[in-house]
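Two complexes come next, and they have one chain in common, subunit A, joined by subunit B in the first and subunit C in the second.
Moving on, here comes the complex of A and B:
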């Protein structure tokens, strides 16, 4: 299984939703790292370690945005095993699940 | 520019002042000149120096006090400014702060709060069609942090010169819930609905209890340090309103006669708070 280390492969300073919001935004992370795994019908581990934090704007757009892009919550949860070894980042595991469950698919 | 009569200045006020000078210089392209500098209060000069006020003015750096770790003086970080949700700029605050407050440990909750406050300014603070009294530096925010050895607290402050929370709220997805929350205690259209502090307070309350999906989550990140760090407090000044929120849901508010010219968000965190 591939591992996506957000801090190393994307940025340790995530924030913002859209490309115009900043250099480490949720849309870019979703399109570069998450969508290709779903399209290839593979599975991946997503490692949160090493980032300064995960603001709501980034997390919701990255993971909730997958639902709006047409993937189901079940597909997303089966595809990605989201983990951290840093206790201070554990709260974001819960938030990610909330954003996946709370996002509404586009009609 | 003569500050001879100013005896003391807070870090927040210095940030607002520095931001205004920054705006003035970039928009007007006019060089401001200091008057009676030798008669200014040493404390005022020191704080303005630390926050980068004189560097903004491009004036010779004649005042170079070093607070260091000893004594009771507050150490203030040179402000940073940006026009996007750039986390790397915000990380600069934390890394510099660790240098002066050795006991300070970065908490991801604080990073998220500062980033979302700055992002709120970028995203909502400067609507394109709004008629500003003074031309703003669109999407721009300013931030600093300070360390008080006497109080053993750090402060993080983010300021934007946008239209203010009560002006942007009607376009927010939280607004319906804010109106519902307020209308349970006062009729829609009453003067309370025109009070900036009431609108800020209602937005805070709704954001803490709402589990809304999608947009509108940022305010919850802004409040989160107060919820998770013992003794932390959050002060928001926006428009004419001021709200102070401490852990344990004690929210106090008031409205001032003058508009602050944007939104200032200030967290005070006891060092070692968990």
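Moving on, here comes the complex of A and C:
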């Protein structure tokens, strides 16, 4: 299973929703790292470790945006094993699940 | 029982209580450490509140917006770290406090946070105020549930 380390492979300072908001935005993370895994019908571990923190708008766009792009919450949860070894980042796992489920409710 | 025997019994009782207390609370924060952590949380949250209220009252294209974001993100991370340290041994309290911290986090960094084309959003300031005080109240409530050592 591939591992996507956000801090190492994308940015230790993720933020913003859209490309015009900066280089570490949620749309670019989703399109570069998450969508290709879903398109290839593979599975991947997403590791939150190493980032300073995750603004809600970034997380919502990256993960909630997958639902708006046409993937179901079930597909997303089965494809990605989102983890952290840093206890101070564990609360973001709850937020990500909320954004995936919340975006689903908008459909 | 003679006076001497009573004194000896009391001394042994005190010693046993002290040893049990030290054993039960080893590795945990002292009362002064807990008070320090709570003070740090309170001050940091009020700083975030002030920064966030300023942030959401200006345009996303304002030159100070990105600096405010960096300050807010750093302080939110610091608060999350203290919360983990403080309530690490109390899973129910940790979950309750982190749930309220996430609500505050969502109010501060949700919506159009980080977007250059956003306009001021005063409704979000109301949400920040509400979740800020709710979070601080939850911290105080959970602090009262922390085990207290017999000897300070």
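Keep in mind that, in the parts below, the second predicted complex is superposed on the first by the 103 of 107 C-alpha atoms of A that agree within 3 Å, B and C clash if a C-alpha of one lies under 4 Å from a C-alpha of the other, contacts with A are read in each partner's own complex, and residues count from 1 in each chain.
FYI, a residue touches a chain if its C-beta (ideal position, glycine included) is under 8 Å from a C-beta of that chain, and two chains touch if they have at least 3 such contacts.
As the structure is a computational prediction, the values presented were derived from the model and not from experiment.
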item: Simultaneous placement of subunit C and subunit B on subunit A, clash or fit; value: clash
item: A:50 touches, of subunit B and subunit C: first, second, both or neither?; value: neither
item: Broader residue contact with subunit A after superposition on the shared chain, subunit B or subunit C; value: B
item: Touching partner for A:103 - first (subunit B), second (subunit C), both, neither; value: first
item: Touched partner set for A:21, first subunit B, second subunit C, both or neither; value: both
item: Touched partner set for A:64, first subunit B, second subunit C, both or neither; value: first
item: Contacts of A:87 with subunit B and subunit C, given as first, second, both or neither; value: second
item: Touching partner for A:11 - first (subunit B), second (subunit C), both, neither; value: first
item: Selected from 109-117, 145-153 or 253-261: the stretch of subunit B that, after superposition, runs into subunit C; value: 109-117
item: Subunit A residues contacted in one complex by subunit B, in the other by subunit C; value: 13, 15-16, 20-22, 25, 52-53, 55-57, 60, 88-89, 91
item: In the complex, subunit B residues that touch subunit A; value: 84-88, 90-91, 94, 106-112, 115-116, 119, 122-123, 211-215, 217-218, 220-221
item: Residue ranges of subunit C touching subunit A (in the complex, touch as defined); value: 69, 73-74, 76-77, 80-81, 84, 88, 98-99, 101-102, 105-106, 108-117
item: Complex contacts: residues of subunit A adjacent to subunit B; value: 11-16, 20-25, 51-57, 60, 64, 88-89, 91-92, 98-99, 102-104
item: Complex contact set, residues of subunit A against subunit C; value: 13, 15-18, 20-22, 25, 52-53, 55-58, 60, 87-91, 94-95
